[in-house]
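A, B, C and D label the chains in the order they appear, each numbered from 1.
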Amino acid sequence: MGSTFGHLFRITTFGESHGGGVGVVIDGCPPQVEISAEEIQFELDRRRPGQSKISTPRKETDTCEILSGVLNGVTLGTPIAILVRNKDHRSQDYGDMQVKYRPSHADATYDAKYGIRAVAGGGRSSARETIGRVAAGAIAKKILKEIAGVEVLCYVKRIKDLEAEIDDTAVTLEQIESNIVRCPNSEMADRMIDRIEQARDEGDSLGGVVECVARSVPLGLGEPVFDKLEADLAKAVMSLPASKGFEIGSGFAGTLLTGSEHNDAFYMDGDRVRTVTNRSGGIQGGISNGENIVIRAAFKPTATIRKEQQTVSKDGEDTTLSAKGRHDPCVLPRAVPMVEAMVALVLCDHLLRQRAQCGETWKE
Amino acid sequence: MGSTFGHLFRITTFGESHGGGVGVVIDGCPPQVEISAEEIQFELDRRRPGQSKISTPRKETDTCEILSGVLNGVTLGTPIAILVRNKDHRSQDYGDMQVKYRPSHADATYDAKYGIRAVAGGGRSSARETIGRVAAGAIAKKILKEIAGVEVLCYVKRIKDLEAEIDDTAVTLEQIESNIVRCPNSEMADRMIDRIEQARDEGDSLGGVVECVARSVPLGLGEPVFDKLEADLAKAVMSLPASKGFEIGSGFAGTLLTGSEHNDAFYMDGDRVRTVTNRSGGIQGGISNGENIVIRAAFKPTATIRKEQQTVSKDGEDTTLSAKGRHDPCVLPRAVPMVEAMVALVLCDHLLRQRAQCGETWKE
Amino acid sequence: MGSTFGHLFRITTFGESHGGGVGVVIDGCPPQVEISAEEIQFELDRRRPGQSKISTPRKETDTCEILSGVLNGVTLGTPIAILVRNKDHRSQDYGDMQVKYRPSHADATYDAKYGIRAVAGGGRSSARETIGRVAAGAIAKKILKEIAGVEVLCYVKRIKDLEAEIDDTAVTLEQIESNIVRCPNSEMADRMIDRIEQARDEGDSLGGVVECVARSVPLGLGEPVFDKLEADLAKAVMSLPASKGFEIGSGFAGTLLTGSEHNDAFYMDGDRVRTVTNRSGGIQGGISNGENIVIRAAFKPTATIRKEQQTVSKDGEDTTLSAKGRHDPCVLPRAVPMVEAMVALVLCDHLLRQRAQCGETWKE
Amino acid sequence: MGSTFGHLFRITTFGESHGGGVGVVIDGCPPQVEISAEEIQFELDRRRPGQSKISTPRKETDTCEILSGVLNGVTLGTPIAILVRNKDHRSQDYGDMQVKYRPSHADATYDAKYGIRAVAGGGRSSARETIGRVAAGAIAKKILKEIAGVEVLCYVKRIKDLEAEIDDTAVTLEQIESNIVRCPNSEMADRMIDRIEQARDEGDSLGGVVECVARSVPLGLGEPVFDKLEADLAKAVMSLPASKGFEIGSGFAGTLLTGSEHNDAFYMDGDRVRTVTNRSGGIQGGISNGENIVIRAAFKPTATIRKEQQTVSKDGEDTTLSAKGRHDPCVLPRAVPMVEAMVALVLCDHLLRQRAQCGETWKE
């Protein structure tokens, strides 16, 4: 019971990796927003497996169908249900994993919690579940752009120790999509790709850091004291598979500065209050301050690897496992649209919440 | 509209730094749990200002009153309301801050969002709001201990670049409380205290990292896919004032390892499935695996400092500010009980959620 | 934004009468419950149009597909998504209703609220939306029966002024399903059927009262003070199309008695506390007392009728309307499985909530 | 765990009849609304015991204190906490009720659910709990009036079989408050008062019907399909102590009409779509249509009476009880401000929800 996210722009995902399909129901979407299956499919294609030589070779088209809530390309204000069918998979690849728990994967804990588990493809713990999130995120991004002019962009900042310098104020979607690792620094991107291929060839995997910037965010989003904007962003990101850490603005590195070094000085830019630096990451006191929102998420190296590992069987026997199947040697390129979707969902939800309580019409 | 936290063990805090008082209502607490005002006061005393030479010299006793939900020291199963009165403060210290925005503080964003703000003491954005959280956390800790034998402990891991080695499997409350900075490594604690005093004397401030360990956590807590245990922990911690980052287990550092280095190998410990290492931080697939839960939170250096800073006034004029008043040169010693409370609240909520859906009585 | 119902056993419905389909996502269902598509289809068949001469002649098979959450006939504890495809309807019947508002229908208010509306078949305001509720209710009933031995039964108590005497302690599903009006008093059922046919032939419609009994309900369900069991039942029933009133136990008639006449005297039945009468309807202080829960719901006569009525057009012109299309002359026979579903959903949700806060394991 | 009501304008009540006090926390109140303790006290005085010869002779002033969320008479947008202290009661009146269950009261079910109960004064099941609701309702009414010009009025429509004719389009607060039974038909009010006094003298009690009208409600409030406006109103009213039934517009009586008799014909009133009659009670398809919202609530005769009744003791012995203490012979006069508060809370919540999803600024 935790498949719903958001308070006013609220999504509920469903689906296992195998079975009828995966999808999402979006409740609370404003009416009269233009949205097409193509716009959703664009994001799903960025997320799907088999998209490049450094992702899993599994081929899935992940074609979406809008079941409800949209008529003639326009939202009705009613729930939008989106379905992506699962393909008929042969399950033999999972034979070994049916009885042996993959280290650092969800196999053992799902068995412990529910006493039952859809083994094939990871069931509900499969990254396939994020299809619903990415589809909903496409709609959230459309609303953010149309209503408020907000732009949300994610990219790979670091693979293992290969870190790219990226100017979050200038980066574009075109730069991000210009290479298969989704790092908008092309020289570093090449090195990252090499490193991922090397890990794959060794039957191993890599992790890294995704960075996300949201630009032109309106002032005033965020609901202290628990639903502070960064708190909801943290939850959103940490609910993604393989995430191990979250930071905003200066993050962990900011703790190495003193207050006088760290504080973002205010200045007037015309009649707008702005900050000289942005160590706050665009949020102060849990509320957006109009500067760019900048967050980072740590993703661990993929748990499922070909290298032999020590583990136990479902029956409680010590054993070893060399994972078969086709797995991503590094989740980060495909995590980029996932983080983007989650950030967009949080911002869209808070845009509606801000309208409700503090909308302009309360006081003229 | 964001002052409620939790789904089944649900708290709602209220109160500004000035005004009648601050407090909390806890809804969903099981009946027949023994709880005394003293147990709550113990935690509030760890949180209160003026407790040591390295915290703000403001003196507040923060005495709590249980208004409802407890009869003769036993919970009724009805809402527990706890109130801590505010003292009558002289407001003159805030004269300057009434018109000038403190850099990296919530002053400007509250004005932008609500168009009105309780200036004295920071209003709702004051850390005084966390009194309600800490009081509720005391009850959550009691339930966790009584029902499930869970122990939650936090401590200061790092002040600026002074990092302590701490064995999370062995650390005790006594060690943590043995010094005023709440770092259970006494030699490093002395150095941290010196460093904080130095910053205070310079009119500056410091940040750092708090670590939290939860031991003897039952298997199976956490509700994928959005209410994964680490996602709710991240939100809990990132809703605290001054927090800038969150990580679980190996966190950001874990991204520097390969999968074969990072994975936690399974082995059988009698009939219990355990892991050799704990880079997962006690949670796999969003669900507790029975190992220690280990998280870390980054807290920035206190925003309010005596050193002169560039800022703007409420009226849109560029100016400078040297903050008066009595502020903590470093929030971490007082953040320890706050993080502890938030972690306990999340675990208690998920303990109830686990009982509801997957409780033993479903299947014999 | 109101398509989710329930707190722990939580359903979200989606779908318009035309478009891809309608359905439901159920989150929070306990794992390891046996459930088959046939059990769900059984309830959908009781709800579907075209089932008898007194329902709409529209033919729809309403075949359900379980998309997720169930593997080999057993629930996984993950979200259960159920889809019923819409048929390809010709829309010409709706030509007139596209421009003219049906009196006492949702046409005008949907236009006013959303500024857009799926006209064909009533869109989201169509009773077709209740397919998702009935499908979820089938699972709720299964859980109630398996876990707690609870039985939920609804039947038609009154059509216009034709009221049947029915013994709620003895009525069976077989009796209810023995005739097409679902009134377990066969003599009165015949008269009701005649009356409905007469209304249909006159281009008119009828309303009435559905009664629901839940037997063997455990003691202790209900969460004062707002989520009292009767409060959640009232919301559940009043969210159904065409409902105009709700009562529990003695209801409105009970207000004609004095306290000494109305109170349910207690007595000991072995070691069980029972009541001599049941004017409380099985709930006291918002909490089930172990007696039968008995509620009644008023359904107005169908708004869409063939008889000519005064109305206005979408463009603001006074006009008249004789509704074409195939509509139920009386919703009550098909409302029976809907009320049953809603009552089952509320009871199932509260069964989980009771386990969470007051489950046996808290105190031995 | 059910002490919170509302989605965006959200209240949480706390408190037992004895103990520190009762009150409410209101989260989501818009900022910059003028509100004074006097306005809240005005409503509490309408609710308090001892206000007239036909209410309980218990004297309680029920003086409220605003603890937070309001500064200099203006709301801050932060949680508003309101506290009413309990008086120090002597508990001897409850001696007998400590061991004997009052028929049709919450004594037995609270014991069964929680295994513990605050006996004195009824604990949490006391009508004293509604103080928090009425205080919050006062603020909701202020917002409704200021922002949207909405007026909410309740009155006694019927006591036992004494029913008053009241024109809901014209009734005023002055008429309602002109007599102690709160029936705006003064002749009938006198008869009602006599009847209540007679019942009290006989050690008995009476029930009846409260009607509520909300005028000038904006078009478009209500969130299908579950949070339809009448569904939330039903839940609100059915959560009040002693309520047994709810109806909107034509209600149960409407089921005696045919569709052609029952439908509300539309006509153009200038450029506004209006209805000739109002059997819909101001809501169609779950959404307000701009006509007066009219609902009715049935309240049973007070359960606690002086007349001897058959009951059982906590220890499982058959016995009899003559309730001591000072109880209302009829709850309806004091239920009037309670229903008014609950209706106002629902409307205020939906006003915010409507702004969030369908606010004007979405589409110009």
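Just so we're on the same page, a contact is a pair of C-beta atoms (placed from the backbone, for glycine too) under 8 Å apart; a residue touches a chain by one contact, two chains touch by 3 or more.
Here's who's who by UniProt: A, B, C, D = Chorismate synthase.
Computed from a predicted structure; not experimentally measured.
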Measuring centre to centre with C-alpha atoms, which chain is farthest from chain D? A
Chain pair with more C-beta contacts, B-D versus B-C: B-D
What is the distance in Å between the mean C-alpha positions of chain B and chain C? 45
Length of the line joining the C-alpha centres of chain B and chain D, rounded to whole Å: 38
Using the touch rule from the top of the page, what residues of chain C touch 2 or more other chains? 1-4, 8, 13, 28, 31-32, 77-78, 113-115, 124, 224, 353, 356-358, 363
Among line, ring, star, complete and other, the chain touch graph is complete
What residues of chain A sit close enough to touch chain D in their complex? 8, 28-33, 77-78, 147, 224, 352-353, 355-363
Using the touch rule from the top, collect the residues of chain C that touch chain D in their complex. 1-5, 13, 101, 103-110, 112-115, 124-125, 129, 158, 160-161, 199, 203-209, 219-220, 222-228, 230-239, 241, 243-252, 254-268, 271, 273, 275-276, 279-281, 283-290, 298-303, 305, 307, 309-312, 316-318, 353-354, 356-358, 363
So, in the complex, the side of chain B touching chain D is made of residues 1-4, 8, 10, 12-16, 19-23, 25, 27-28, 31-32, 65-69, 71, 74, 76-81, 83, 113-118, 123-124
